[in-house]
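Paired with chain B in one complex and with chain C in the other, chain A is shared by the two complexes that follow.
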Partner chain A sequence: MKKQEFINKLKEELEVEIEVTIDTSIKDLDEWDSLGAMILIAFVSDSFGVTLSADDIKNISTFKSLIERIGLEKFE
Partner chain B sequence: MKTTDFNYKSLKNKVILVTGATSGIGKAVSEQLLNQDAKVFGIGRDITKIDKSLKKNKNFTLISFDLYEINEIENLLNNLVDKNTKFDGFVNCAGREETIPLNLYKSDKIKSLYNLNVFSSIELLRVFSKKKISNNFSSIVFISSVMGELGMPGKVGYCSSKSAILGVVKSSSLELSKRRIRVNAVSPGIVLTPLTEKLFLKISDENISAIKDMHPLGFGKTEDVAPLILFLLSAQSKWVTGQNIKVDGGYSVK
Partner chain C sequence: MGATITKIEYFLPETILTNDDLKHQFCDYDFVNFENKVGIKSRHVVNENETALDLAIKACEKIFNDDTLKSDIDFVLYCSQSPEYFLPTTACILQDRLKLNKNIGALDFNLGCSGYTYGLSLAKGLIQSNQAKKVLLVTAETYSKFIHPEDRTNRSIFGDAAAATLISHSIDNNIGDFLFGTDGSGFDKLIVKNGGARNDFDLNCKIKDYGTGNKYTDNHLYMNGPEVFNFTAGVIPKFTKELLVKNNLKIDNVDQFIFHQANAFMLNFMRKRLKISESKFYIDLAFTGNTVSCTIPIALKEYSKKIKFSEKIMLVGFGVGLSWSGGLISINKSL
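On to the complex of A and B.
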């Protein structure tokens, strides 16, 4: 999957209304809450087989940091 | 008082089928049944996980079987019985937990959870309840969960699958009463097992603490749940059927 494709799909799952980029902070989004964290964990697990932990969620800030945590090698 | 300080003479030499026998509640039930001199047929998917002491016990037979292979369950049980050996009890501990938010819960994901938590349970019950497989006066115990009657975000699948088991128990208890076969459910709260360890990895320490605080008596251990299951398997509970008994440290009343 390409990085922008991933960001767009995640934005759709989180039902984010504004435009987002790789530098957008996920946690500053209006739509971000504990349910959003659950959606993120499930979506990343489904798409990449990577399970994010509670610590990962604490440490992630932007979409870029999320992509790095998943692993750049997993993206086209 | 040790929770293993009890003796159910009626369980001696009884033949009991236990699914999920390699870990958690299924393992504890198997161990306590063997302490009562029952014979246990333990089903597990990953038999490398089996405890050495269980494996060495001559009254324990371990069967490697994947319960997702629902169409093979009938063959499996047919091959375990003969004219001298039929089952006297069945404890269904196999199941999985899942946290998936509703908007990502498409039906193929739900079906996968239901295949293990519900459909394999019903198929095991269907085959077990045949006269060639089980004796009259047998006792069946399903492990449901307090989450079968309560709700939680992210648990549409898990909660509904455990709720489904309660419906299975009520209806089948009436259907099987003619043969004096009893069917009951035990609904644990959070019990410290490999299943809950996996769950705890996904959530923060604050969340784990908060969940612990929701249990007035703290988290449970497998040996807190197994004795009730043995009671339900024994002749001591011969007038108990169609019930759901919660063992949850007070979680569901708080």
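On to the complex of A and C.
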């Protein structure tokens, strides 16, 4: 998956209405909450087989940091 | 000798807390999105003077009629994490309040969302070992009493309820094989820390923030949502497959899967992992929310209303502990 494709799909899953870039802070989005965290974990698990822990959720800031946590090698 | 679920009744407290009610307090939150994803519109909650035992008594009273006499009950299994007192055993008080016989067994067991499936297996064991003929299995829970008023997420998810299930001795066996799982390393993923023997209830307890605006203290219920989700997603689909093997069945041979109704998003996530069609996978918590050990009996009673012929139903409970259990039952009528 390309990084931009991942960001677009995740944006759709989280039903984010504004434009986002790789540097957008996920937790500053209006749509971010505990439900969003669950959606994010499920989406990353389904797409990459990667399990994000509670600590990962705490430490993630931007989409870029999320992509780095998933593993750059998993992206085209 | 076999065991059969012959009747289920449940009782919900009168007070209904709707998403609109919560919206008044948490006005910035998108409850429409919550409802769409989590599948909950409203939940029932007890008032200050109402306890899980009060709900349990009302659920049990609905069980008894001309065909089912109180004097027939020879064992009470009471599942709750909201006991009436530290001691005595709530099941003993229930025996007296229902005026059940005095020559019966009665015990409490402390489990949450895995409690109902545990209870069915225990009831089957008591019956098949000829220690009881009619077991009254009661689940009763009032998590609303544990939740901080500013903990929006948990107030939105959990509802209070009680359910009573009658398991009777029968010629055919309609309660199949059960399996269990336990991982106490996750004991603190869903916990009320204070008020037991380890930590005193603390009147000056510091308010903590989950980071998503939800607040709690150590006197209140704390749930580590991501970790509970990961536990469920990681363990339960595999466990369900083990249950199928244990009962010599394939997914196609099961008429309905009724999992603990935790939340619709998580249930659908597992359903897709297991490749079970929507029509064979029960999801309905719209008007009750997650009622802990009561979700499966409530779902089972509602689902059974459309049963015409004998159906094989797989039940799976999972949650606080961490603890999980499940098994296969057959039902051939509305319960």
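To be clear about the criterion, the second predicted complex is superposed on the first by the 76 of 76 C-alpha atoms of A that agree within 3 Å, B and C clash if a C-alpha of one lies under 4 Å from a C-alpha of the other, contacts with A are read in each partner's own complex, and residues count from 1 in each chain.
Everything that follows uses one rule, which is that contacts are C-beta pairs under 8 Å (C-beta built on N, C-alpha and C of every residue); 3 or more make two chains touch, one makes a residue touch a chain.
None of the values given here were measured: they were computed from a predicted structure.
Undergrad: If we overlay the two complexes on their shared chain A, which of chain B and chain C does A:Glu13 touch? Say first, second, both or neither.
TA: first
Undergrad: Looking at the overlay, what does A:Ser53 touch: chain B (first), chain C (second), both, or neither?
TA: Both partners.
Undergrad: Where does A:Asp23 make contact in the superposed view: on chain B (first), on chain C (second), on both, or on neither?
TA: Neither partner.
Undergrad: So in the superposed three-chain picture, is A:Glu5 touching just chain B, just chain C, both, or none of them (first/second/both/neither)?
TA: neither
Undergrad: In the overlaid three-chain picture, which partner chain does A:Ala42 touch, first (chain B) or second (chain C), both, or neither?
TA: Touch status of A:Ala42: both partners.
Undergrad: Looking at the overlay, what does A:Glu68 touch: chain B (first), chain C (second), both, or neither?
TA: Touch status of A:Glu68: no partner.
Undergrad: Both chain B and chain C contact which residues of chain A?
TA: Correct list for chain A: 15, 34-35, 38-39, 41-42, 51-54, 57-58.
Undergrad: Quick check on the complex: what are the chain A residues that touch chain B?
TA: 13, 15, 34-35, 38-39, 41-43, 46, 51-55, 57-58
Undergrad: Quick one: in the complex, what on chain B touches chain A?
TA: Those residues of chain B that touch chain A are 99-101, 103-104, 153-154, 201-205, 207.
Undergrad: Using the touch definition from the top, list the residues of chain A that touch chain C in their complex.
TA: So the residues of chain A in touch with chain C come to 15, 27, 31-35, 37-39, 41-42, 45, 51-54, 56-58.
Undergrad: Going by the contact rule set out above, which residues of chain C touch chain A in the complex?
TA: Within the complex, chain C touches chain A at residues 29-30, 33-34, 37-38, 153, 210-214, 224-227, 229-230, 233-234, 265-266, 269.
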